[in-house]
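Labels run A, B, C and D following the written order; every chain starts at residue 1.
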Amino acid sequence: MMSLIKIWKILRHNTLTLLGAGLVILIVLMGLLSPLISPYDPNLMNIPARLQAPGWSHPFGTDEMGRDILTRVMYGARISITVGVSIVVIAAAVGCFFGSLSGYAGGKVDRGIMAVTDMVLSFPSMVLALALTAALGPGLFNTMLAVCIVRIPLYVRLMRGQVLALKEMQYVKASRTFGAGPVWVVARHIVPNCLTPLLVQMTLGVGDAILIASSMSFIGLGAQPPMPEWGAMISTARTYAIDQWWYAAFPGLFILMTVMGFNLLGDGIRDILDPRSVKN
Amino acid sequence: MEPILQVSHLSVSLPGKNGPAPILKDISFSLKQGEILGLVGESGSGKSMTAFAVNQLLPGGGKSITGGSVLFAGEELTGKTEKQMQTFRGKDIAMIFQEPMTCLNPVFTVKRQMTDVIMIHEKRSRKEAEIQAADMLKKVHIRDPERTLSCYPYELSGGMRQRVMIAIALSCSPRLLIADEPTTALDVTVQAQIIFLLQEACQESGTGIIFISHDLGVVSQLCSRIAVMYAGTMAETGPASEVLKAPGHPYTKALLAAVPRFTSGGVRDRLYAIPGMVPDPSEIQRGCLFAPRCPHAMDICRTEHPPIQNLGNQHQVSCFLEKGVSRGDGIS
Amino acid sequence: MTAFLEIKDLTKTFTLKGFFGKKTDVHALNGISLSVEKGESLGIVGESGCGKSTLANLMVRLEEPTSGDILLDGISIAHKKEKELRKLRSRIQIVFQDPYSSLSPRMTVEQILTEPMQVMGQYTSRERTERASELLELVGMRSSSLRKYPHEFSGGQRQRISIARALTTEPDILILDEPTSALDVSVQAQVLNLLTDIREKMKLTYLFISHNLAVVKYISDRTAVMYKGRIVEIGPSLSILTSPMHPYTKELLAAVPIVGKPFCPPRETAHETGGTDAERGCIYYDRCPIKDEKCRRERPVLEERQEDHEVSCWKL
Amino acid sequence: MFSFQFIWKRLVHLILVFLGVSIVTFSISHVIPGDPARMLVGPHATQETLEATRIQLGLDQPVLVQYEKYMTDLAHGNLGTSIRTQRPVSSELARSFPATLELTLAAMLMAIVFGVILGVAAAVHRDRWIDHASRIISLIGVSTPLFWSGIIALIVFYKMIPIFPASGRLDTFLSPPPDITGMYIIDGLLAGDMDVVLSAIHHLLLPAFCLAYVQMAIVARQVRSSMIDVLEQDYIRTAKSCGIPRHMLIYRYALKNALLPTVTVTGLTIGELLGGAIITETIFAWPGMGKYVMDSISFLDFPAIMGFTLVVSFSYVLINMAVDILYSFLNPQIREVDES
């Protein structure tokens, strides 16, 4: 639809979006190539070199078991990105289905779906995720499931709002006047026009999902040690945090950079693909 | 009588995507006390921007005015700072807008919005301001001023809100009222009431009115002088009777022929449709902008900028045709 | 013999759900009866809120009427289910008012014009593109604009594309819901002339809805004046405009600003109308200058007063 | 002012939401886990206590009966007994609730006040340095993991520049004030004991700020975008054309309209703060419900976790109700629609 040169031309002059895209690509590459580029094995223990300050051999220092923090951070990137993306993809898929169903069908179906959504939303997201994971049993997979359930209502509401707004547009009514059925209308008119807000919400959502998932690991319900997950690493680092500052500082810094990357990218996509910005 | 508003050679350009885009080129017109000037033109002709240039509500602020002068009662406005302009707006130069649904603040009562304006400009106590507000609402024929004052805007109909806006504008008896298509969004019957109100205000308090519209019918009923704009330039200005009966500029003549009327002519005859499209004012074009669509276009029209011709009785036309377009020609 | 298009006592009531199940009924249409011959153009005029747009939606079955019937060439379409309706839909098409929201921003002109044929499964894809460019030329646009997007066109051009789209299914009737209200005078003239030409060339029947009386005269043979969901007067356009009978039509004509016509100030009684009308009596009672006791008690019915010119008022 | 209908509608809505919350917590504690009884008594419990709980929960009976039992327990305020401490969960939560309340209220105050100031300043001075600065602060705030900012704050303000205490609510040598509200600052003020008040504030500042920072960023972004929208509205242009001075335009005409959507965001903010308290309380050893639930997680003390979830959600729903009433108080149009 929009040729790559055109996107590059627009990207060029909003630098923040470029920075965001750069950060995300950097982290993704780091995660993908971690087996190749990481200096040590993430679980290789080296007790004599434990809790070493950042230096030549260990740029990010070592943890209480002498494992190299830089390597573990790299492997952590792989986990966090996959966790964040898969939560968002599943939540968006389920949310969009029910959202467009409730927006298009209306009546009892709409009220039913909205009742369930409101029930889930009457819990603070962190608290509900915690309770769900506790019931399902601690572990990264259960955490992902819990966070996914907590985030589905966001996409239900977004999609429902879009469908309700688009249903009133005259070009959607026009397609109904020559006999287009609900499936055709949703596929040809509603989905293409929902892509931009959905894409923006999903990009921002990945960052947000990483934050919640790592928080769950921090409180002990997500990834269990010795998995090099950023949240779990900082959780074990807490006892050493005051004296060995680098143990907690670097994994957290990478969470910040990753989430910031996704946030910048999300805002950038909104400005680029927003109908208003496309016009001028 | 010395005109209260004298605009000469005004040109305005707005900050556009690739550099400042000129939207008004060499606009001149004047308005006397107690006179109603109709500013007519199609969308994109720059008529609203002319109004915003007078009380400096242009998007780019004061610096969008790139040339010319705006004399209000002898005082030059273009040089004024934002602070100085604030003393003019609402007190000497008032303005009403097109969209009644969004022109009043939804979270404040009508009383609050009216008294604020009065208290700023006339240093009155809130009590006195409320009395003056109620009195203003009576002037605009609102049947129950007390109740209307305590209402929120969403409780009023479109026509009522337009009257409240007129009451606010006239509350400090300004000498100039700019009306930016105030009746376009209203029904025909409500529109007639608003026109009646504006005529009354002009006769009683001698307020000069610039009435901006794309509807030649409304303008012909209300205005004593008419200025026709086309793509950011002034095509023709003159007394209403002359401009409507003996238009000097081919565009005015074509516009009048395109207006559907039901007094004369049989059913289903054809309207005169001006060929082509209105050029975008920001495009730089040599010669007369109407040339590509004008049935009388001569070579000179496409190369030179047309001069201002005087047809007498302050009837001016910017066109190369001698004495403007003659009566019997291609446009029925 | 039944006319080509027959509207019988059409009513549409919207129920607003207040709290505690308290329902308030808004009668958008109140027993509309019309008949339109094949090839005729009927104008429908009224102020905002008189129900003319609801009528347009009912004609193309975007909504279902509460009661009454619509007969297209003798076939009732008012209460048909979507499946049976599908075949009939190609015969009645609509052109909307707002040029900026009646074309999908994400589709090219070619996709917009071929969509109706795709949905109805007519022609092969090559034939569809051919027909699309044919129709584009018919509405006075170059077929090179097939690959462009709606935001690259002016308001007038977009309305032409909407008209072309409505013609793709070779309809018999075109519902025109204020197609030129959002356009400038010169562009409006172009679109009105285009509609007149197309009607002659393709022998179409028009239902032209507008709030502008003058426009309706240029395009419709007969005109109906609507007020609060009812028809108060219907007759040949010229006699409606030059010799109106119903007081409301007179008030409308007096208020319409015409170039050169002196301005007559509106009567003081004409105030804001709104809310539901009185159950009995004439619906125009509260604004009528010539009302009397009978008007308050009994509701007048459309009667023929002159040749083919009906009006619903006791006082004439 | 508030018609009968307006309040009645809110009450009915409140009860429905409470029901919804209880259904969700019931299904989490009774339906999702494989063996709910085992979850509630913990791995080391004897067989008899396991059987006794199974009967007490009515696990053999249909779900509806179980739910009825669950709701009667709830009505009596019985949230089960904690596996870790063998004491009723409700009493332990009651003891630690005021500390969390004090921390969350302080954090909410900070988030709203600083958020609005940052947002308005950014919108008013659009595209100038204030705007860019506040957007960077907000961006960092939105992207910062709560647990990391807490640790970094401790490292910087406790170890490197020791100006803040690292844990607890009061200096050790001071005794807590008489327990009226359970919130040391208020109780201290009521008791007139200024040292306690000062020490309590000194302990509260850092954890409250860390908890508030993320939400402050969200509020700032919300206020900025809604303020920019409002400043472009027609009624602002009308006011400007009437000569209303710029500061009055911004801080009276525009601000009230811009803050309306922010009120609804406040409801969400409080929810996130309650959620975030778990982490911040753990890092700053703040003796609130969050720390209590954190300790019970390591023991997988299920009744405690479920009790915490219920208490937090109920208070979240109540606060949202208050925000909703405040919103309709501010926005006349909503009140009108409700009463019709």
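By definition in this document, contacts are C-beta pairs under 8 Å (C-beta built on N, C-alpha and C of every residue); 3 or more make two chains touch, one makes a residue touch a chain.
Computed from a predicted model, the values in this text were never measured in an experiment.
In how few steps can one go from subunit A to subunit C if every step must land on a touching chain?
The distance in steps between these two chains is 1.
Shared touching chains for subunit C and subunit D?
A, B
Select, from B-D and A-D, the pair of chains that is joined by more C-beta pairs in contact.
Looking at contacts between chains, A-D has the larger number.
If you average the Cα atoms of subunit B and of subunit D to get two centres, how far apart are those centres in Å?
54
Take the average of all CA coordinates in subunit A, do the same for subunit D, and state the distance between these two points in whole angstrom.
Once rounded, the distance between the two centres reads 23 Å.
Distance-wise, how many Å sit between the C-alpha centres of subunit B and subunit C, to the nearest whole number?
Going by mean C-alpha positions, subunit B sits 32 Å from subunit C.
Along subunit B, where are the residues that touch subunit D in the complex?
Within the complex, subunit B touches subunit D at residues 55, 57, 82, 86-91, 94-95, 97, 99, 102-108, 113, 116-117, 120-121, 152, 154-155, 165, 168-169.
Can you check the complex and tell me which residues of subunit C touch subunit A?
Against subunit A, subunit C makes touches at 60-62, 82, 85-86, 89-90, 93-94, 96-98, 101-107, 115-116, 119-120, 151, 162, 165, 169.
Please give the residue numbers of subunit A that touch subunit D in the complex, ascending.
My answer: residues 115, 118-120, 122-128, 130-132, 134-136, 138, 207, 211, 214-215, 218-221, 231, 234-235, 237-238, 241-243, 245, 248-249, 251-253, 255-256, 259-260, 263-264.
Over in the complex, which subunit D residues touch subunit A? Could you list them?
Residue list for subunit D touching subunit A: 17, 20-21, 23-25, 28-29, 32-33, 39, 139-140, 142-148, 151-152, 154-155, 158-159, 166, 271-272, 274-276, 278-279, 282-283, 293-294, 297-298, 300, 302, 305-306, 308-309, 312-313, 316-317, 320.
Where on subunit D is subunit B touching in the complex?
233-235, 237-246, 248, 253, 256-257, 260, 330-333, 336
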